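For reference, the structure discussed in these notes is given below.
Naming follows writing order (A, B, C and D), and every chain is counted from residue 1.
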């Protein structure tokens, strides 16, 4: 991953970068598919189960939830991201999946997949529950499938 | 906005927070609709025009692009967000709209709307262009409409 | 401030930037000295008093503490900074002063001054209390005086 | 490290946290002393040499500079930190040392040591060069010695 990122950065500096490349998307897919340990940044059993069931279709990993209350991330500017970083800082894993508010209160939710250095691999967004009024487990399922789909991993 | 955020934060601390509230979503809508000056974090005329045309349907604002090369944000962990912060730090405005890569190279793109303190009001995501292979102006249009829709602002 | 930052950014892009300029330091001083409202990101009366007494020697501002528990920032990667952002997001002010842990547990403390957009104007650091074993009010006093001194504001 | 952080976070949640603990500071020392590979986030030979010479007194590590232009970090809100993250994202290492501007133009400089997940282990600050007018290598030397000293590592 470091080499691929370095190459992309150097392209940006030289002003010859033309957008994502297939090998970059492949590398992200590979990182997720080859993960041996996945940390889910929630301490809610139901949400955890939804995420675990889907991820087990993608990779052969140990999947773990955390035992710290993540609601504190709601006092940050990007709760979804900071939940993920909280998991990253307190657990060893290959990838980290978190879900929470996107930004300010009212801004809807974000599901986000980080690698072991805290880099964002993919994500997905949902409208505010005020807008969609859908069951939360169903919504999380959709979000995770969408996050995987946008980097080319399809779930049946 | 500060009072609404404070209230939400206090609910989180007290562990009584139940997700976004209608008044919070309304407040975000209002901030966008009442914006007098919008800064678009791009120096690309075409991309700017797409965003400007849509925003003029939502609000009666002066809309401006920036004159700094934003490609440097591509060397950060969240290029879309850091383009927005670059605009925030160099221009006075009520809201800031930026668009760029979500995370690592290959992670697709994000469009993001910030307020004048750099708080995230809404956003939307697209797959990697490797995946969608769509015209970029069309894609940006979709992204902006989607970002507005998820907080309850519809564009015809 | 926006214009000064823009100029500095353009110098960096052109590769002609040679470090801080006197007018930039003067601008920071001015922002602090002319502040009309200062928010201190603490809900501890004693710490607040130390900071207030010093700031009143520098500027003629209303100085306010916040009424949200800031300990939650301790679950972030930069507690001192995130306390400041928490204050920024919940209160209107011209400048924000916060103090907390620098980074990981054990990394000592940081005092930080932000402007109304959340930009860092100055800061100072202390060793871990395990290392210095000094009274906390005395330490905060030193930190604030040091933070001001490094941008050219002297307190007698 | 993850376990120590988790314990500290849980103490914060329970509201029983009393500041840094000796074992936490020891852990940070150990991480630095046992580093096998150190990445210095600069492409300037002179600055690199200053840092390398000091670090070789502390640990028995391979020490490497990066070959990407880091000036782009100057367009972010915390140039010193983002230089470090740029190194983290493009090189494998145990710890990362970076140095750059603290915040806005005029805010002086910061030297910062990150671990392999991008967590801040220690740091130090210098006034704006406009204020101190000192030779830069001398200044970097002071900063690194200070950063190590504040977590209990002394250099003779």
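The definition used in the following text is that a contact is a pair of C-beta atoms (placed from the backbone, for glycine too) under 8 Å apart; a residue touches a chain by one contact, two chains touch by 3 or more.
A quick note: this is a predicted structure, and the numbers were derived from the prediction, not measured.
Chemist: Measuring centre to centre with C-alpha atoms, which chain is farthest from chain A?
Modeler: Measuring from the centre of chain A, the most distant chain centre belongs to C.
Chemist: How many angstrom lie between the centres of chain C and chain D, each centre taken as the mean Cα position?
Modeler: Centre separation, chain C to chain D: 20 Å.
Chemist: So how far apart, in whole Å, are chain A and chain D when each is placed at the average of its C-alpha atoms?
Modeler: 28
Chemist: Please tell me the distance, in whole Å, between the geometric centres of chain B and chain D computed from their C-alpha atoms.
Modeler: 33
Chemist: I need the residues of chain B touching at least two other chains; which ones are they?
Modeler: Correct list: 5, 9, 13, 68, 72, 75, 77, 86, 89, 104, 118-119.
Chemist: By the document's touch definition, which label belongs to this structure's chain graph: line, ring, star, complete, or other?
Modeler: Graph shape here is complete: every pair of chains touches.
Chemist: Can you tell me which positions in chain A touch chain C when the two form their complex?
Modeler: 68, 72-73, 75-77, 82, 85-86, 89, 104
Chemist: Show me the residue ranges of chain B that touch chain C in the complex, using the header's touch definition.
Modeler: Interface residues on the chain B side: 2, 5-6, 9-10, 13, 68-69, 72, 86, 88-92, 116-119.
Chemist: What residues on chain A touch chain B, complex-wise?
Modeler: Touching chain B from chain A are residues 1, 4-5, 8-9, 12-13, 15, 17, 19-28, 71-72, 74-75, 77-78, 101-108, 110, 115, 118-131, 149-152.
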